[in-house]
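Next up: some structures, all given as structure tokens.
Look at the two complexes coming up: chain A is in both, with chain B in one and chain C in the other.
Right, the complex of A and B next:
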């Protein structure tokens, strides 16, 4: 029997990026806010001190910062007629754990989606005609436009201190930035990081091929910065231990380095770490959340009553908790009905490894940061005419120099033995003169009727709850997209003067053991129609109006960019709606 | 306004003599609020509260002195174990006279030689504030000193030598701001309790006021101007440091972090400017010649610095303003005594987070990673190259390491 705690105004489930943002905004509005976080508290300087944080074996190989599969996992299958099996070691994506969530281990590539991405189905149908999209593709419009959330992108970027070169300032195209981006109301808060040699070479070759390269927007600081909350960050030192690692130098945007120091000073905010929410409780009507039930590390069950519930865990846990709590109709792909679990997506990533003449090229791959590099955006979203190509979607591609770490980054030409003297010789020869971009081709993955999340019929977690089951495979559209983009990407490295360019296309079936980013999206998507979306344009549950669901679980499909900028913007957008609309008149904000 | 009022009260009390005072009213809101501010300025909560206990002023915190450990008593209004049954006279005698309710002499871990500079009215307001605190029953065994120091009669001699009772006397030749600052520094804030060098009996060396001392594993650095360590700090630098815990040169950690957190960050800007104006006017001597450390040690230390320290403090040692200290201007780096430098290298240090500067960066510990010789080399490099301070030997590091392990607080 759960013991009941004193009621709070707001309970936040998961204290990552979006949980921290909404917690700060609502505490700032004077509400009594508690956050419940499954993992440990993490503090930038003491949990990732520069003395031992750059430990590739501990953090990269042994997954120090991530959830342990033995704690909870998912089951996976490619096709609906297969039996899903539990994932026992993380591969394709890395479920974060602990305060800060994925904002601790990310590369800090801080993008905005394209204006057309938010009205994707409408836009593509208008441009290419209704019959152009594959029949089973279930992409939707978001219910918000780029123009509406632009001020919130801006807030997130100024919170993070994002470093970049504006390409479109209030409609004016700026030389050196991304000309395809939506209009931004002001420049980035900080200039781009200085670009390493390989990135400048990439930029030169890309320009010669007619593209407009630009430095990737980065949350690795190009200089010291103090954000609007008064929190300070230090300049990045290009140590090359960014993705998979925490940054103890306060040089990478993360909840720890941008918002938590200000949040924890608020007397009306508190947090419980190492406590796992097991369900969102509803009243007898099923239309109102009464709070949450959670379990502490001692196995004790507690009930935390609250007037407002914010579900801000990692994508797939948001979906699972909704299903386990009986909120919203579960998605049924056969009947094509229900909403919780539908439009689940990931990313379509590939890379090109190129080998240059060691006598002529020295790239110093260890001069690196998570997001440092130069990109082109000509083949993202609908920035190019898809008519002749027979697919939709795209991605940015770039020479992003994330690391030269000794275990992970030892590119050798195809055909080299995988161990022994020949391998060692090849590593030595190519370490300084091979390029293996940390990001490469960063393609979209659009949504399909048979790609979804539901509850596994067989496997259960340690509390006896069904595991979330992922059914996911690549569709022809994404495979074609990736072939096209990877070939274009490789041309740039040819133009840079590589003597050998090796293309690593992404191929079907979707392989859950191969890392592709942690950008799982969808499953509890936003939209304008309650029959095809779980939450409205303000991220408010259609079914339980005092529940808001933040994070990438709300994306109806995934664009060809990293999702953090967009989920941060949407968190500010939702928090603003709660502060200025919901609190004045609690109830459903949209009459559908 | 508030500071002007304090001056007025202090001056009025001086003029009228120590014996006169207003009728006692512990419910007087204005008195309680003045008392809250003075108790903050006097940082009573720091010693009289066990950090993190959630029991403010209930005592029990161990105070390390060169002579042994004392526990701070309970000063909540609990009648049995606190000061609830004390009269105002008894409270005043303790705070300003160093004499306990039972007539015994207090040890100067209680900074009564400083608090003596406050007026009877000030202390009564503090009492009024303390009377509003939740009473906590917590019997504290205060005296844990070894024989014969545990005999409080030993304090008779000490008081004769080092205790000059009496309120603060304003210097008419100085500005009102200067006098306010002097009163805060010499009185409630008791800055000299840590920053003034001590005799072998623990009394202040009054000729070396604020020229730096060492206590509880930290260097309380020289904070004098003139030729002293704060020569290149402006008054604004000092006020910013006290308010925010950080400025363009340095960051507060350890004991000073606590002072900023509990006391100075909560003072008015006018009072901080007053403290800064006064401190800038206290002149100290130039650093002594540091000598020339061994070239090999400097080059080894420089290599370690480059590898482990430069990411935050930068290659030129200038760090990041308000975030990572500038090693050339941080007073603890310049100090003759390397205690703080060794402390933060060995154990790391959490800087204070304040409303003005919420970030609170921390120095990581390197004691687990570097042996005594390496720490001596990097400490010598940092102190000598940036701070023009003397070299540190491996045996000093070994001693510091042992002392850190033996610490009680």
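Right, the complex of A and C next:
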């Protein structure tokens, strides 16, 4: 029997990027806010001291900062006629755990989506005509436009101290930036990071091929920075232990280094760590959330009543909690009805590994940061004419030097034996002169009728709750897109003077053992029609108006960029709607 | 009115009742601080084998020296401590599949669905090393793996890799896959874990370890970084009395 705690105005489920942002904004509006986080409290200086944080085995290989699959995991299958089996150890993506969420261990690649990404179906149908899209592709418009959320992108970037070169300032194209980006209202708060050798070679070769290369927008600081909340960050030292690791330098944008120190000082905010929300509770009508039930580490069950519930866990946990709480109609791919679980997507990535002459090239791959490097955006979204190619979507491509950590990044030429004297010799010869971009081809994944999340009929978590079941495979559209992009990307490395270029195309079937970003998206998507979306343009549940669902679970499909910039912007956008619209007149904000 | 004794008893019950909450805490007003909240790194101490029997250890030292053979400039897997590394790992959480999802049913799926074996890494090594020993003794006139010539050792490992040698009751190729993951990890992980002795793996490729700050070198393009590596435990020449 759950013990009942004193009621709060707002309960936040999950204290990562979006939970921290909404918590700050609502506490700032004077509401009494509590955040409940499944994992432990984490703080930059105590949890990741530079003296032992750079431990590749502990953090990269043994997954120290992530959720333990024994706490909960997912089941997976490629096709609806297969039996899904549990993911026993993480592979394709890394579910976060603890305060800060994925913001602790990301690379801090901080992008905006293209204006056309937000009106994708309308845009593509207008440009290419109805019938160009595959029949089972279920992409949608978001219900919000780039112009509407631009101010919130700006707020997130100034919170983070994002380092970059503007390419489009209020419509004026700026040399050296990304000419394809949507208009931004002001420059990035900080200049780009200094570029390592390989990135400058990439930029030169890309320019010669007619592209417009630019430094990747990064949350690894190019200089000391104080954000609008008064929180200070220090310059990145290029330690090369960024993604999978926490930053003890206060040099990487994360909730810990940008917002939590300001949030925690608000007297009307508190957080509970090591407590897992198991259910969002509804009243008898089923149309109003009354709060949440959670379990502490001792197995005790507690009820936290609240007037407003913010669901801000990792993508697939948002979807799972909605399903387990009976909120919204579960998606049924056979009947093509229901909403919770539909339009689930990931990212279509691939890489090109290049081998240069060791006598002429020394890249020092370990001098690295999560987002340091140079990219081109000619083949992202609808930046090029897809008419002749027979696919839609695309991605950015970049020589992003994330690490030279030797367990992970010791590339050898194809054909080298996997062990023995020849392998050892090849590792030694190529370590300094091979390039294996930490981010290479970073392509979109669009949504399909048979890629979705529901509850598994067999496997359970430690509380006996059904695991979420992922049904996911690559479709031809993404495979064609990836081949086209990977070929284009490889041409740049040829032009840089590589003696051997190896293309690692992404191929079907989707493989849950191969890491391909943690950018799971969708499953509780935003939109304009309650029959095809779970939440409205303000991230408010269509079914339970005092519930808002933040994060990438709301993306109707995934674009060819990293999602954090967009989910941060949408969190500010939703918080603004709650402050300025919902609190004045609590109820459904959109009459659909 | 509550008397002192009653208060102490109820307080004791309250404290006892909330010990289960010691890890779940409420945070407000200030950033919580405690020393090493994320637990200090564990130091793989030198000394006797902790997981392997002496027979298993002899086989493992021979195996790691074939996966990464010595050459005139760089030690092989054995002298770099790869078998010690794997020994300490198998004794620890990795060996018992700590933190992984271990609930059944266990069903063989597709390659894309990932490993589904109920065997822990410790069990996989124990059973596989026994099976390898049995195989070698049957094929090579009673000799164990470590007693074979380097050529025969390589030949045996290649056949396991190719699936031409099967073990009774355990997946030989699965064992080889574990070796191809675990041995290089022992060669390249921080020496605090028992392998990469004297940072031999890092010196071989020019990886500087945990130096952390390369602001002086980021724009020195195409110039080899000149400084030797540093590990979590420092460097031998910094603390010669401990060497």
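Following the convention adopted for this analysis, the second predicted complex is superposed on the first by the 592 of 592 C-alpha atoms of A that agree within 3 Å, B and C clash if a C-alpha of one lies under 4 Å from a C-alpha of the other, contacts with A are read in each partner's own complex, and residues count from 1 in each chain.
Just so it is clear, a residue touches a chain if its C-beta (ideal position, glycine included) is under 8 Å from a C-beta of that chain, and two chains touch if they have at least 3 such contacts.
Everything quoted here is computed from the prediction, not taken from an experiment.
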Which partner, chain B or chain C, touches more chain A residues: C
Contacts of A:337 with chain B and chain C, given as first, second, both or neither: neither
Chain B versus chain C as contact partner of A:234, first or second or both or neither: first
Chain B versus chain C as contact partner of A:580, first or second or both or neither: neither
Which superposed partner A:531 touches (first chain B, second chain C, both, neither): neither
First, second, both or neither for A:510, with chain B first and chain C second: second
Which of chain B and chain C A:46 touches, first, second, both or neither: both
Touching partner for A:262 - first (chain B), second (chain C), both, neither: first
Touched partner set for A:297, first chain B, second chain C, both or neither: second
Common interface positions of chain A, toward chain B and toward chain C: 43, 46, 50-52, 235, 237, 239, 249, 261, 265
Chain A-facing residues of chain C, complex: 19-21, 23-38, 40-41, 66-69, 71, 74, 93-94, 99-103, 105, 107, 109-116, 154, 157, 161, 180, 183-185, 188-190, 192-193, 201-202, 204-215, 217-219, 221-225, 232
For the chain A and chain B complex, residues of the former touching the latter: 43-46, 49-52, 224, 226, 229-232, 234-235, 237, 239, 248-250, 261-262, 265
Chain B residues touching chain A - in the complex, by the definition given at the top: 308, 310-312, 320-324, 348, 350, 353, 355-366, 368-369
Interfacial residue positions of chain A with respect to chain C in the complex: 40-43, 46-48, 50-52, 54-58, 61-64, 68-70, 73, 76-78, 82-89, 91, 194, 196-197, 200, 235, 237-241, 249, 260-261, 264-265, 267, 269-275, 296-300, 361-362, 364, 366-367, 404-407, 410, 418-421, 423-425, 427-428, 431-432, 458-460, 509-513
